[in-house]
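Next up, some structures in structure tokens.
Here come two complexes built around subunit A, the first alongside subunit B, the second alongside subunit C.
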Partner chain A sequence: MTDYETRLQSWAGRELMAPRFGQDAVNVPMIRHWVEAMADDNPVYLDEEAARASGRDGIVAPASMMQGWTMRGYAASVRPAPEPASEPSAADELNGLLAEGGYTSVVATDSEFEFHRELVPGDRVSVEETVESISPEKKTALGAGRFISTVRTYRDANGEVVATQRWRTLRFRPKEKPEPKALRPRPAINQDNAFWFDAAREHRLVIQRCAECKSLRHPPGPCCPQCGSFEWDTVEASGEGHVHTYVVNHHPRHPAFEYPLVVAVIELAEGTRLIANMTGVAPADVEIGMPVVVDWIDPDPDLSLPAFRPAEKKGA
Partner chain B sequence: MNRSFEDVAVGEELPALSVPVTRTLIVATAIASRDYQDVHHDPSLAVERGSKDVFMNILTTNGLVDRYVTGWAGPAAVVKAIRIRLGAPNHPGDTMVLTGTVAAKHAEDGRVEIAVRGVNALGPHVTGTVVVQLNGRSEGSGA
Partner chain C sequence: MSVLPGAAAIAGIGATEFSKDSGRSELRLACEAVLAAVTDAGLQPSDVDGMVTFTADTSAEIHIARNLGLGELTFFSRVGHGGGAACATVQQAAMAVATGVADVVVCYRAFNERSGTRYGLGQADRPMDVSADRAAYSWMTPSGLATPAQWVAMFARRYMHEYGATSEDFGRIAVVDRRRAATNPAAWFYGRPITLEDHQASRWIAEPLRLLDCCQESDGGQALVVVSAERARDLPHPPALIWGAAQGSGNDQHMMTSYYRSEITGIPEMGLVGRQLYAQSRLTPADVQAAVLYDHFTPLVLPQLEELGFCARGEAKDFVADGNLELGGRLPFNTHGGQLGEAYLHGMNGIAEGVRLVRGTSVNQPGDVHNVLVTAGTGVPTSGLVLGADM
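Now for the complex of A and B:
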């Protein structure tokens, strides 16, 4: 057993919290507040007559309120009294030991109450807590952690046990949050090329066409390089083409991309060329002349781009 | 209405109870249980601590399964145990549906064990057992 494990296991059976009385005795106003919030219409909690009709001497508190009677309340929750520096509480000591192991987060997992008698208005309730066991490290959905089981004993003013509660919390190392994935560099969109990126967002590959001489062009521009016309429309590309040439990028690396990264010049069946990434092919298997088809990628919610993957062989 | 020990049979199902988990319910029940942890009333701090929103505290889950079982068993029932395991959190806007089945009966002391389960959109929020002590047919009063 490691030294850390020994120190942790030495807590089994130790008192975590000395007996402490709740601020107020069991009382009707707090019961009313509880049953109203829970929408619990059992009459034995507020109606003396109904309580006596049920075989009791008078009204009782809901069993599930037990823990509530010993809660520290608002002031102690928001303005905790400073602990004397010389005497850290047992709970602080255990928290410190757990933090040493990296177990800094906590979530409650189990509460097992056994009730010995019902509480009635006027009862004063105290609670004390003892560590029962500390589990070996377990892998959980929240992260690696240890289950700490404690037993809380609730007593009345005479020291008689009114309830016990086995309480289990998971103290865990929060999983490292993955870095949010970097976004791809934004395309420089302007009035001349916006139509092309708008179509891409709808997974449509379009090619700009001169309205005068009907020649196709890419990348988009305001003026036909053949005839000089500023009039244009678009045609939908078939999405078929071949690799005209390509490079495999290793460096420098941009965090939005996976490397090695294929950057290809694709010649479309319609004759225009565009630069795109490739999918569904290992960089070593890319070949000049390879037939390809369009395969849309959506790297982030604002960006859709055409990529190309090898076309299935005819007849295959 | 009080259910007597003889009235209930192992395997009997309790009628389901649907609990709309509103923001007000989460806050009101946390305060009623004197639980002032910010994750039960302050949405922005709950998010900062890694939760998607405020969520119901455990004392309230105990209170709701208590209400569910005693509402079915009747005012004469005495709760002897509430043993729960927690799962998916109850966030505002969700609905928790409580279901229960009589799992065991102990004639020597009139105890009845009810297996309870509360499921929300994320999955089981609570699974556990509530033990109530019921009167025999001859005893008991009122009803």
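Now for the complex of A and C:
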């Protein structure tokens, strides 16, 4: 057992909180607020006659108020008392030990009550808490953590046990939240280029063609530089071509890409060129003139782009 | 022939310091540079009646005119396409002066390009619209081709393939730039020369470009005062006459990515600029004694030497390796240290160095300089100047 484990396990059976009385005795106004808020219309909580008719001596507090009677109140939660200069509390000490293991987050998982008698107006209630067990580290959906089980004992003014509570929390190491994957820079889609990116989403590599003189052009534009026609259609590219030139990018790094990143100017068999990434080839193996074929990439749901990979050698 | 050659001159130059974090607004940098240039020309702010800058500049002429008390302006214009605008601002000023629409025109460019928006980071995360300019990036940024270094690397790889140029050939440009910057107190890399070994050891940015192939990024401002040649002769400094001033946009021109031309190893828009410059100035490459060539990335200096007729196509690597760009060489080059060595001021600091070369006041002044050729950005629609001493 590691030293840390030993120090943790030494807490089993140790008192976490000394007996402490609640601020107010069990009282009718607080019962009234509770049952109104809970919309609990059981008459035994407020109606003496109904309570006696049920065999009780008078009204009783709802069992689920047990913990509430010992809570330290609103003020203590928003304006914690300054730490006394004396030694830290046992709870502080355990929290520190858990934080040392990285278990800095907490979530309550179980609360099991056993009630020994019903509380009645005038009862003063105290609570004390003891560590029952600390589990080995467990993997959970929230992150790796340990279940801390404690027992809280509720007593009346005479020290008689009125309820016990088995209280379990998960103290866990918060998972590193994975950064949402960065998207590649978006193409600026407009009326002159939308057709090309629409086709790309269907994994079709198209080339703009002048409807008049039939010359091909890329990047596309609204007007044919050869004949001046604004009429155009497209042809589907064979997907074959060769590397005209290329770069291997190292810096600066954009989070959507993996580096070193090859970007090439590909000359298609049809004669037009386009800028594209390369797949299936190490940066050091790219060569000018290398025959390539189209190989689609879908970096994210809204973006598909043609990439190019080395063509199979003829006859191989 | 045109009325332009020799009609106007650069009479004043002024700049802020070149830094990585100016600590001042871009407007203030522009005002400081303009005021320094006007003072250098021996003029008053109220003499200025024309202003030209880049469309990329964030400080419109009215803000500078108002702050410096320039008063009324009769000519104001802007030129697009990033660093390609540099020499074109002087061309517009010279045309305005030659045609009489303005008498004193200030060309300026000021930015916090290092401490503010860095162009080197590329276009990948720029805001989206669907203009033609923005849509042009649709063909590259989704594939991760998004920065100027990457765009230039694509040309460089093909140039190496066709002409047998190597990374060392690019590195020699950086070495010359940094050697000149090392003796220029205004240069960021003053006192910090590099060797070819340093270049070869620098990390890849976008193969085949290494870190030392890429120019620095800078904060600063630079301004130039253009007046008529006649007026310039009455001002304190020897005039840098504008014998040639040209713009060029080539066939099938794109911004930094003209990859769709049959050949991509040349810079046809620079060839177009060069032909105009020589025709205007009635000079030939043999008449040019020094050059300030745009050097945002080393590989595109080589085809500039070829397009401008200093060597044959594909031979720039040998021209450079033979030492022609050194101070005692055939074509002393980027005597201020270039943008790699002095500062990245979108080419405007190179024009100021052209003026100093004509004045004979460069910190690295070669002997006997009569005509200087200055170029603007490469890979983009560009521009150039031939500046010369008075006859």
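Rule of thumb we're sticking to: the second predicted complex is superposed on the first by the 194 of 316 C-alpha atoms of A that agree within 3 Å, B and C clash if a C-alpha of one lies under 4 Å from a C-alpha of the other, contacts with A are read in each partner's own complex, and residues count from 1 in each chain.
Here, a residue touches a chain if its C-beta (ideal position, glycine included) is under 8 Å from a C-beta of that chain, and two chains touch if they have at least 3 such contacts.
Given the structure is predicted, the values throughout are model-derived calculations rather than measurements.
In the superposition on chain A, A:His244 makes contact with subunit C only, while subunit B stays out of contact range. Contacts of A:Gly73 after superposition: subunit B is touched, whereas subunit C is not reached.
Of the two partner chains placed by the overlay, only subunit B lies in contact with A:Gly55; subunit C stays clear of it.
In the overlay built on the shared chain, the residue A:Arg201 is in contact with neither subunit B nor subunit C.
Every residue of subunit B that touches subunit A in the complex is listed here, in rising order: 2, 25, 28-29, 31-37, 50, 58-60, 62-67, 70-71, 75-76, 78-86, 135, 139-142. Within the complex formed with subunit C, the subunit A residues making contact are 184-190, 192-193, 197, 218-219, 225, 244-252, 254, 256-257, 260-261, 263, 265, 272-277, 283, 288, 299, 303, 305.
Listed in rising order, the residues of subunit A touching subunit B in the complex are 30, 33-34, 36-44, 50-51, 53-55, 62-65, 67-68, 71-74, 77-78, 108-115, 118, 174. Per the touch definition, subunit C reaches subunit A in the complex via residues 120-125, 128-132, 134-147, 150, 153-155, 157-158, 161, 203-208, 252, 257, 259-260, 264.
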